[in-house]
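There are structures below to look over.
Same chain, two partners: subunit A is paired with subunit B first, then with subunit C.
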Partner chain A sequence: MIDTMLITAMVLFGISIAVALYRIIRGPSLPDRVISMDFIGVNLISAIAVFSVLFQTRAYLEVILILGILAFISTIALSKFIERGVIIERKRDS
Partner chain B sequence: MKTNDVILQMITKIVVFIILTLAVYLFFAGHHNPGGGFIAGLVLSSAFVLLFLAFDTETIIKGLPLNFKVTAAVGALLAISSGIVPTLFGHPFLNMVMLTINLPLIGKFELGTIVLFEAGVALAVVGVVVTIILSISEDV
Partner chain C sequence: MNVSETVEFIAALFILFGSIISVISAFGIIRFPDVYSRAHAATKSSTLAVLLTLFGAFIYFWISEGIISVRLILGIIFVYITSPTAGHLIIRAAYRSNVARTETTKVDELKEVYEAYERQQKNPPHHTEDG
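Presenting the complex of A and B:
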């Protein structure tokens, strides 16, 4: 019973990632793509958590932490690029 | 327009320590589990990249006086010398020794020279990745 629920959840995460992928390819502006990439990151983290529950292992928990860190940093970098045009600046008060 | 990133800098000051803790955990988990020096170096350099993103380059370099090219060179030297030292005693290249001791509070504890090699790899990865990102960001 719980296996059926987990597999259904994985399929729904896959459909959700596919919808977000459509928004990345066809997105009219850059902020749409940034939001969509963050959405894919969150969905991937949840799918890996469901996957590790399904296979009853703890070997994938570091993957969740590292994906969380990378999604956080990439979202910050892209939104800073949209706002200011530079990502790493030499001197702040310009 | 005056820029205002108080929330980003406040969050960064907290999150950097979480990332550094994860890097140390991955470094020591590499003995029996997934992890190791290379991945610890990558996570550590992502912490430095987050600092460079939230603040600017001059503030971080002033607060952390670390030449990353020298860091990469010291790491490569440490990794290679931990491989060369066993050849002086007649063992093969990169031969590692390990002994198990009993500490009072921790219990069974494994000391090995592989930690030196992994620390060298981690230092080399941090130096190379941060040098690449800083030199990419400098051409504006």
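Presenting the complex of A and C:
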């Protein structure tokens, strides 16, 4: 029973990742693609949590932290690039 | 069915609810007309989905193995803090790079604010302190 529910949850996360992939390919503007990428990262986090529950191991729980940090940093960098055209600003005294 | 199996069933139910909410927000990403409403679907409800799933996994490991996983708690706190922040930043970038809104948009309250800000950036006032 519990295994069936967990496998169903994995399939549903796969469906939502595929749908977000459609938006990445189709999306008319760059922020659409960045939002879908963030959504895929967040869904990967929860899919890994379901995976480690399904296989009764705690070896994959570090991957949750690493993926969370990577998704957040890449979204921040891309939004700064969209807004100002540069990622790292070098301020000079005028 | 003893207590441990019941609590594991509840944890699996949390995970299943999280995945259903994730599918709903994925369809929101496809069906909504412009980038602002898509961000509404993608950031808020997917945050709820991830929090439910990680909480279910936390309860499962707590009951079945008797271990309080600190990594899962850290993951819950991190996602809870950073996901709305990332959504806010990417939507501000989309607004400032003039991504087109849908035609049914009626009110744009940010326009006056940004126009006043750019006017102030162009010719700054001489008196920095008032009074």
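Note that in this section the second predicted complex is superposed on the first by the 91 of 94 C-alpha atoms of A that agree within 3 Å, B and C clash if a C-alpha of one lies under 4 Å from a C-alpha of the other, contacts with A are read in each partner's own complex, and residues count from 1 in each chain.
The rule we apply is simple: a residue touches a chain if its C-beta (ideal position, glycine included) is under 8 Å from a C-beta of that chain, and two chains touch if they have at least 3 such contacts.
Quick caveat: nothing in here was measured; it's all calculated off a predicted structure.
In the superposed model, A:Ile69 makes contact with both subunit B and subunit C.
Look at A:Val86: by the touch rule set out above, it reaches subunit B but stays clear of subunit C. After superposition on the shared chain, subunit A has more residues touched by C, the comparison being subunit B against subunit C.
In the superposition on chain A, A:Ala77 contacts subunit B only, with no contact to subunit C.
Contact with subunit C, but none with subunit B, is seen for A:Ala9 once the two complexes are overlaid on the shared chain. Touched by subunit B in one complex and by subunit C in the other are residues 62, 65, 69, 72, 76, 80, 83 of subunit A.
Subunit A contributes residues 1-2, 5-6, 8-10, 12-13, 15-17, 19-20, 22-23, 29, 31-32, 34-36, 38-39, 42-43, 45-46, 49-50, 52-53, 56, 58, 61-62, 64-65, 68-69, 71-72, 75-76, 78-80, 82-83 to its touches with subunit C in the complex.
Looking at the complex, you find that subunit A touches subunit B at residues 59, 62, 65-66, 69-70, 72-73, 76-77, 80, 83-84, 86-92.
Across the complex, subunit B meets subunit A through its residues 3, 8, 15, 19, 22, 26, 29, 33-35, 39, 43, 46, 49-50, 52-59, 133-134, 137-138, 140.
In the complex of the two chains, the subunit C residues touching subunit A come out as 8-9, 11-13, 15-16, 18-20, 22-23, 25-27, 29-30, 35, 38-39, 42-43, 46-47, 49-50, 53-54, 56-57, 60-61, 64-65, 67, 69, 71-72, 74-75, 78-79, 82-83, 85-87, 89-94, 96-97, 99-100.
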